[in-house]
Structures are given as C-alpha cells and as structure tokens.
Amino acid sequence: MQETAVAVELVGVTKKFGSVVATNDVSIGIKKGETTALLGPSGCGKTTILRMIAGFEQPTSGSLRIAGQEVGGSRPYERSVGILFQQYALFPHMTVWDNIGYGLRRRGWKRPEIAERVLEMLRLVRLENMARRWPSELSGGQQQRVALARALATRPSIVLLDEPLSALDAQLRQTLRVELKEILGAVSATVLLVTHDQEEAMTFADRILVMQAGRIEQEGSSPDLYFRPKTRFVAEFLGKSNWIDGVSLVDRGPVVDTFRSAAGTIIKIPTSQAMQADVCIRPERIELVSANAGDEQAILLSGTVREAVHAGADIHVLIDTVEGPFTVFERSRDNRTILPGAPAHLLIHANDCMLLPPEGRQ
Amino acid sequence: MSKRFQDSVWRVLTTSTVVLSIVFLIAPLAVVTLLSFDSRTFLGPLPPPSLSIRWYIRFFSDEMILRGLRTSLLLATAVTFVATVACVAVAVTMMRTRFAGKKAISAFLLSPLVVPPVVLGLGILLYLSALGIVDGFTRLLCGHLIIAIPYVVRASLISLSGVNPIYAEAAMSLGATERAAFWTVTLPLARSGIVAGAILSFAVSMDDVAVSMFLTDAQTVTLPVVLVSAMRANFDLTIAAASVLFMGIIAILMVVLDRTVGITNVFKNGS
Amino acid sequence: MPMRSFVARLALSVPAAAIYLGLFTLPLAVLFVESLRPFVPGFIGGSRDAGLTLSNYQNLLSGAFSAALATTLKLGLAASLAGVALALPLAHICARSNSRRVETMLIGFLILLMFLGVLVRAYALQLFLGSVGPLRPLINVLGIATTNRAYIEFTVCAGLLHYVLPMSVLTLIGSLRSIHSSLHECAQSLGASAWMAYATITLPLCAPAILTAFLFSFTFSLSAFVIPMILGCGRVNFVSTLVYTRFSEIANYPSGAAISISLLALSLTAVAVLSTAVRRWTSLRSHT
C-alpha cells in the first residue's frame, strides 16, 4: 500500500452527537496533491468531517489517518492540517507578517528561518508589500490570501477549505477561484474543499464526494456525477433535471432496450441491465422542435408551454407534458418568442436519457 | 389630534427632555468649575466678581490633602494591580467552556457588587480587629480590594467570553496548545475590556468613601475622606479646586485610553 | 497531563479565592455574629461574654431605622423611576443618531461621569442646589428655604439621579441598538404615529433592559452612603448613614451590624425579585 501517496484516510468513521448520527460509517481516501470536494446540503455531515480531520471533534468510531499516522485522539495542534476558515479568522491584533508567522513561532522555528518562510509565502500570494499592514486594512480578497498563506506556511499534509467562495458575488467568485487554484497548485497542496454549492465544487475540485445524511452517495469527477448520477439525490443536487418516473422494460434488444412509461411514452435506451427505472434528462439536452421533426432513436413529447423566462444566455421554458412538467433550456435567439399556452414539442435523444434505479415509490 | 401633530409634540417633548437631562448633568459640574476660580475668600453667590487660582494653590499646600492624595494613589495602584492579576488568573482557570458550575462561580465572584459598601466596611473592620490587624493602610487595602475586584472580574469575564472562539481554533490548527492560544490570541483580544475593568477599579478605589470611613485611622487617611470632612466642616472652596483637578485628570485619562485601547467601543455595545 | 493542569488551575485560583474568602465571606459572617450580641453602653462594640440575642433586631422596628428605611425607599424609588424615564430618550439618541460624532461624544461624556464617581458630583450638586447656586433666585421667589426638609429630600433625590442617569443610559444603549430600525419603520408604515410605535414596539422589546436599569438604580439607591451624607445635611437619613452614625457616634456596633444585615437582606431581596422579573420577561419574549 502506497502510504505516502494517501494524504488523509478515513475508514468507517462514525460520529454521533448524543443520539444524532452526523456521519455514518464514512470511508474516504484523499491522495497527495489532489483537490477533493465534499459536497452536500446543510446537515449532511461534511462540516463534521472537516472538524474531525482538523481535530476539533473526535470520531465516535472508525479510524482517521493523516500522512499514514493514526490521529484519532490527538489535538489539533498535534496534527499537520491547514485551515482556511470561512470568515478567514485573521488575528486582528497582529500584522500580516505576524499572522503568517504564527504557526512557525508555535513550532519553535528560529527568527531567520521564520522570516525566510514568511517572505516566501508573501511572494506566493503576491502580497509582499502588505507585510506590515493590519488585517482591518486589507480588502476581503487580500484577507483571504493572507489566511491561505498562514495556513500553507507550516507545510500541512492537507489544506481544508471551508466554503471559501459561497458568500461572494459572481464576479468576485470567478476571480478568487482562479487565484486560489493558482496558489494551491503552485505548492502542489492536497486540498479538501467543503461546500453546499455545486458550482463551487464542480469548478474547483478534481474529484467530488456527494454526501447526504451522513453518508457518501457517490464520488467521481464533475462530468461523472453530472452525466452518470447513480441516485436521484445526486442527479438533482448537481443540476436541474427532468424525470420520467417508473418506466418498465418491454423489450430487450441486442443493441437497444425499449422501456415504456405509465403514460405510454416509449423510450429506447442503449442496452442496460435494468428492468425498472426512473429516467433523468438534463434540460439543456432537450430540443424544442416543430411537430413533424423526429427520428426513430428519439422520444417526441408534446405539451403546452406554461411559462418562458429569459435568464440571460438561456431561456428557461416550463412545459406541461403527459409525463409531468419539463424544464427546457433554450439558447436565447432574437427571432424566437415562446408564448405561454403555445404548443411545444420536445425532442429527447436516447443517449441523453440517464437510467436511475427507481426510488421507493408509492 | 392628527398623527402629524402628535409626532411634532412627541419630538418636542423628547428633545426637550434630552436637553434638560444633559443640562442637569453638566450644570453642577460647570458651577463647581466656575467657583473653583472664585477670588473671594468666602462662599458667595454666583457669579464670582473676579477669578483667581488661590484655591488650587491652597490645595497643593494643604498638608492633610496632600497626605490623603498620596495614600489614595498608592492604595488605588496596589489594589488595581492585585485585583487584575488575581482576576486574570481566575479567568485562565475558567477558560474551558464545559465547566460545571461556571455560572455559579461567576455569580459568586460578582456578588460583592450587590452588598452595600457600608456593610462591607463595618464587617471588614470588625473582622480585621478580631484578627488583630490595626494598621490603617493594610485595613484600607483589604477593604478597597474587595469592592474593586468585582469590577475587574465582570469586565474580564465579559470581554473574554466576547472573543470569537474561532480565533482560538485558528490558533490551535496552526500548532498552538490551548494555553498558548489563550495567552497569544484570546487574552490580547480581550485586552481593551480588561483594561477598562482595571481603570474602573482604580476609579472605584480613588472615589470610595463608605468603606474607607470605617477603616481609616489617625495616621492613614484617603483623599475622599479628607474632602468629606472638609465638606461637612466648612465652606472651603479648596474642595472645588480638588474636584476640578480630578475631573481634568479623568478627562485626560479617558482621551488617552480611547486613543490607545478604544474604551468607548467597549461601552458602546452596552454593558 | 490532566492531573498537572488541575493542580495548576487550583493554584491560579488561590489569590482570588483568598480575597473572596478572607475579605468577603468571613467578614460578613463576623458581622452577622456581632449583630446578635447585646450592646452595653459605654463599651466599644458588643460584649463578648453575654449570650446571643435578637434584641438589636427588635429595636429596629421602632424609631430611627423605620424612618431612615422609609426615606431610603421613597427617594430611591423616585430617583430610579425618574432615572429610567429620562434615560430612554437619551439612550435613544446615543443608539440611533445619524451622527457618529454625536454618539461618541455623548457616550464618552457619560462614561466620563461614571468615572468621576460619587463624591465630586455630590459636592457639585451641593453647591449647585445650595444657597450660592444659580437656582438661588428661583428658590427665593418660590419662598423655599434651603433648610426646608422637602427641599433637602429633593436635593438628595437629585444627587441619586445624577449618578443613576448615566448608568441607566449605558445599560439601555445595547438593548436599543439591537432593535432593528425596520421594526419601528414598519410600525409607522402600518399607521402608528412615532410615539405609538415607540410605546407598542420599542418599549416592550427593551423591557428587560429597562428592568435591569431600574434594578441597578434601585440597589444603588438602597446602599447609597455618600450622597445622603453630603446632601442630607444630617437631617435626611438613609439606612447606610444610620449604620455609620451608630458606629461613629455611639460605638453601638451590634446595632450597626443588625442594620447592616437588614440592609443586606433588603438589597438581596430587591435583586432577586427584579432579576426574576427580567428573566421571566426575557423568556416570554424569546418565543419570537
């Protein structure tokens, strides 16, 4: 087993607060140099995992290893973990220089060594001439960079990011994300990002672990999770989705299986193993066509437009069909007006249908 | 009566109340200041016909007053020092939040504040006499200590618990033990509140009359006790000079403190 | 590790514990015991040899003590109520004014007053309200002599008010600040005039703070010593000044002790009652 390649490992970690189970038998392996995201709604346990890795909570059972060492039971200051807090938590009574050097002073480094390292960090985050400033004199973005420099100064085995971008507006988010990735990439840091924002997770991390109710539902890259969700929760959390529920297999062919919904819609999907399924289709993959367009491999659904909302680059069209309400994202075009009450025809390609196991219905 | 009329009446009422209150608070102090520069040797009605600084000269040449001043300053400094040290020490032991009976202990530490000073004065006198401690300065030290320390305790507890726990967590994640985090991060951040408490304890000691009157003896007197006897005995305006000097010192002290530690901010958010 | 820190913790608590035990608990106990000793005139303090007695307490029920108690309660109540009433508009300005400058100046001034303590202000009021003060012409016109008992009571009350007012304002500021201005504006947009919005929205929400301010003011007035001593001219007596008289003029320590213990009991009762009221009120409100 390549011990050195795994930065942090959780095996069967369960955490209970009284009778509340925050994490339930969770196992995660984070490789060195990798950027991983823990994504999930509030209360799913992601923050608990962050605090357990940091050492502010102890697992009720299971094992937690950082850089190969078992750390369950050790205090935060005995671990090699760097944290970028959501509120930055820069010490208001210390200058930027003293903030960054704080961890080094605690570890007993000598003055000249500290100076060298702090300068190195300031250069890394491009704040060389801010060394003597106080945190209150810095902008939000600068404070974040200082907080990151402070966390990286001690060369931690893993850097934990607690929702670094969710409180920011869209413009700032883009800029800071690029900056953060650059800085973290420059030191080949191992990063664990914790967030409830799927866009933050998808744009930042190489690998995403989706959590719900204390368990990991699915892990994979961003396209994996978006185009091949394994459960309904993951499909709906990662983006908007349309559903044809409860289809049953009527004919298994060598290349194509034919499914049929309760409302009678025929769905042809490349061979699968399923007998029953829920079908998920992403809104941007559906085309609005005129009545007679269509081909053998595609589903054609008819319906009536309920509303069409212009949302910048896309128009979000809500259409009532025999299979229920469908949302379609159409690119905005000048010559196109979609009116409520108008008839609509939805063209869905077989390849865009994602089969998911049916979830205890009725 | 229309609502707009009601509003106007209301505004007039509240504004005049505020103005009257402020005048009430300032006017007596202004009168004292004016009278302290009165050139007459007796207490006459306002306004003084001419100004002089005779009373200030009297103040600095009165032996009794100077003795009292020296004693008071010495006492206040000693009391503030001991109280602050004892208080920070106790605060360190109480820093772990999951402390059984923390509330009860805090309440006990603050309880001298609800005991009337006269009660403490008489009680301490009887107690120290029973122990055979008759030295005036020691007795005064004991008395002032117990009335001043709750102020430091209160200020320290409030400001320490007001420090966001996330700073201590950040410190620990960077390698500081709980104790190192307390001394290098939490305590410095609570500094202004603790200093406010220390200043308050100094002021309480300088100003105390009730406890001191029981504990002074012929050799050791505090300035307030001297002034009180003067107030009851004659109509000497030296006391006015003393008051103005005291006001001046306090004002300067406050400006200095606000610039360095931000005292007004501590009180701005309510006590 | 846990063992060492426990011992360290104990050691750190020793100074404070010594102060509180030695200078607080024990003296109060001694005081209590003294109050149960009989007084023999001509001797200093209570006699050690005779047994314990309740006679000191029984003597309180008549004469000087009840008069002093009545005065204390009357003037204390008046000053506390007036203090809270006047503090509200002042606190409002401190908490809500549009000018930062005004706020800081006002709050700074109030803190300055607090730091000045009791003595300087009591003396200032003695001059201000006395026979040489600027109010002299007015008093003469109204035909009030400065030795009139009612006038002296008024002076003492003013003295208490001068101390109690800044304290109440500072207590109320925090509470007023926490009330979001949108609540007041909402009430007005729903049709309430300014004073109505104030009475029905702001005041009830501040009630715990108002009660607390009253509590501080009243307990201060109960224990007031310097103010009645200087402004009372020997004629208006508070319970505290009575203790001192018993001690200094008659050396009747047991009686002084008995009065002290009674005063302490009174003070604690007031605190207990009002604190419970504050707590009850706050828990009612917390259903929001």
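Think of it as A, B and C in the order they're written, each chain with its own count starting at 1.
Everything that follows uses one rule, which is that a residue touches a chain if its C-beta (ideal position, glycine included) is under 8 Å from a C-beta of that chain, and two chains touch if they have at least 3 such contacts.
On a predicted model such as this, the values are computed, not experimentally measured, just so you know.
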- request: Tell me, please, which chain's centre (mean of its C-alpha atoms) is farthest from the centre of chain B?
  value: A
Field: Two chains sharing the most contacts, counting C-beta pairs only
entry: B-C
Field: Centroid spacing, where centroids are CA-atom means, of chain A and chain C in whole angstrom
entry: 59
Query: Which whole number of Å gives the spacing of the CA centres of chain A and chain B?
result: 56
Task: Please compute the C-alpha centroid of chain B, do the same for chain C, then give the distance between them in whole Å.
output: 15
Message: Quick check on the complex: what are the chain C residues that touch chain B?
response: 9-10, 12-13, 15-16, 19-20, 22-24, 26-28, 30-31, 34, 45, 86, 89-90, 92-93, 103-104, 107-109, 111-113, 115-121, 123-129, 131-134, 136, 158, 161-162, 165-166, 170-175, 177, 193-196, 198, 209, 219, 222-223, 225-226, 229-230, 240, 243-244, 247-248, 253, 256-257, 260-261, 263-264, 267-268, 271
Query: Considering the complex alone, what residue numbers of chain B touch chain A?
result: 164, 166-167, 169-177, 180, 184-185, 188-189, 191
- prompt: Any idea which chain A residues touch chain B in the complex?
  reply: 54-56, 75-77, 81-83, 85, 87, 89, 91-93, 102-103, 106-107, 150-151, 154
- prompt: Which residues of chain B touch chain C in their complex?
  reply: 3-4, 6-7, 10-11, 14, 17-18, 21-22, 24-25, 27-29, 31-32, 35, 43-46, 82, 85-87, 89-90, 92-93, 108-109, 111-112, 114-120, 122-124, 126-128, 130, 142-143, 145-146, 149, 199-200, 203-204, 206-207, 209-210, 213-214, 224, 227-228, 231-232, 239-240, 243, 246-247, 250-251, 253-254, 258, 263-264, 267-271
